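Letters are used for the chains, namely A, B and C, taken in the order the chains are written, and counting of residues starts over at 1 for each.
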Amino acid sequence: MSADSVASAEQRLAELGIVLPPPPSPFGSYVEAVRSGNLVYFSGMVPVWGHEPIVRGRIGEDLTTEQGKLATEQAMLSGLAAAREFLGSLDHVTRIIKLTVYMATTQGFADHPKVADGATDLLLKLFGKEKLPVRIVLGVASMPLGMPVIVEFVLEVA
Amino acid sequence: MSADSVASAEQRLAELGIVLPPPPSPFGSYVEAVRSGNLVYFSGMVPVWGHEPIVRGRIGEDLTTEQGKLATEQAMLSGLAAAREFLGSLDHVTRIIKLTVYMATTQGFADHPKVADGATDLLLKLFGKEKLPVRIVLGVASMPLGMPVIVEFVLEVA
Amino acid sequence: MSADSVASAEQRLAELGIVLPPPPSPFGSYVEAVRSGNLVYFSGMVPVWGHEPIVRGRIGEDLTTEQGKLATEQAMLSGLAAAREFLGSLDHVTRIIKLTVYMATTQGFADHPKVADGATDLLLKLFGKEKLPVRIVLGVASMPLGMPVIVEFVLEVA
């Protein structure tokens, strides 16, 4: 099936052979998803398996741009697992509204867009270009448990 | 009264003996709260009394995790003061939608969830677990007036 | 014409002799604006002309507070160009809901509000005080292409 916007995100996941990680669970007094009206807000998503980071370190120092991009993809996959758990199916998503990629970097790092592509290239493949979000990317000083990226996003549902 | 979700947040505040600080006022050309539809957005909340910081410094260096947690609780109390001023009563809140805790940290700091609990543990006590938000936590390089935390949040009202 | 809230933002732009830069275009798989209900979300806006930064550097080190404020105004102008392109006219804006100014700073920098005024003072002049947003300002470690500021905002339309 082609990647046109009317196809199913769940079908594309299966075709690409992507298995989502276990849905994330909170590290404190909060929840992973909240719906208000047609929007669903998600907690910051990180590259974990359960509560265990699968990658740690700072991009530009411990990790290359390419490793940062992979970590961002992992965080996004965790987010999709949270979305599927909350919505029942990714096919209920009518639009990804907004995506923010926070990354722990050295002060001199400047290739943030390439790192963030780890999330948005995946969304493009699964949801098609008509559902792409706005994007904000920036480099921060530190992250929970020493992880390199946090992905924050908001979905629209029917 | 037990902390079940139908009790009143204002009642719980009184029972816990918590007195909210004066509502914050802007440091520039902006407002403290904006409503659109059923959502109310708030400016970044900081640990101040009037325009004077009640705590300054970097977590992991000048401040311990526990001190950072207390600063986060103070910023959240300032946010609740802003919410009460805008809404008339905290009992108009039907849900806390989203909470972001930005904290100034050293590069090696990794205990962000414990610091952020200063805000969400308070929300849990006042609003009950059914109204808990999604949460994003991260460490940044610097903050207005050298303060250690900013709390950003969005509320849903009836 | 006075700056009261019923006048036209487009008229005020013309009166002030402000020419908006070319609307920004994405650096990856995302879009510059997404509408959901009455809200329009925008990608992070930076001080660019096309894809070329018009200013680089860290505030408090390479750039003064005043230079940071000018960079923030430039980023906001880029955002207004994106808004006009998406909406047809800035006069469709009923409210600026939320504005976040992320700035690359030294660790000791504390004058974030003055830098952020570069965006909100402009909004005040164009839209009047009744349409001012909530504001969040913070200092981060690094930015795409070494730029000093990112402005993120959400607009409400009729």
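Following the convention adopted for this analysis, a contact is a pair of C-beta atoms (placed from the backbone, for glycine too) under 8 Å apart; a residue touches a chain by one contact, two chains touch by 3 or more.
Nothing here was measured: the structure is a model prediction, and the numbers come from that model.
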item	value
Rotational angle, Cα trace of chain B fitted to chain C, multiple of 5°	120
Interface residue overlap between copies chain A and chain C, same or different (over half shared)	different
Inter-centroid spacing, chain C versus chain A (mean Cα positions, whole Å)	25
Multi-chain contact residues (two or more partners), chain C	37, 140-141
Complex interface listing, chain C residues touching chain B	37-39, 95, 97-99, 104-114, 116-117, 120-121, 123-124, 129, 132-141, 154, 156
Contacting residues of chain A [partner chain B, same complex]	26-34, 36-37, 41-44, 58, 102, 140-146, 150, 152
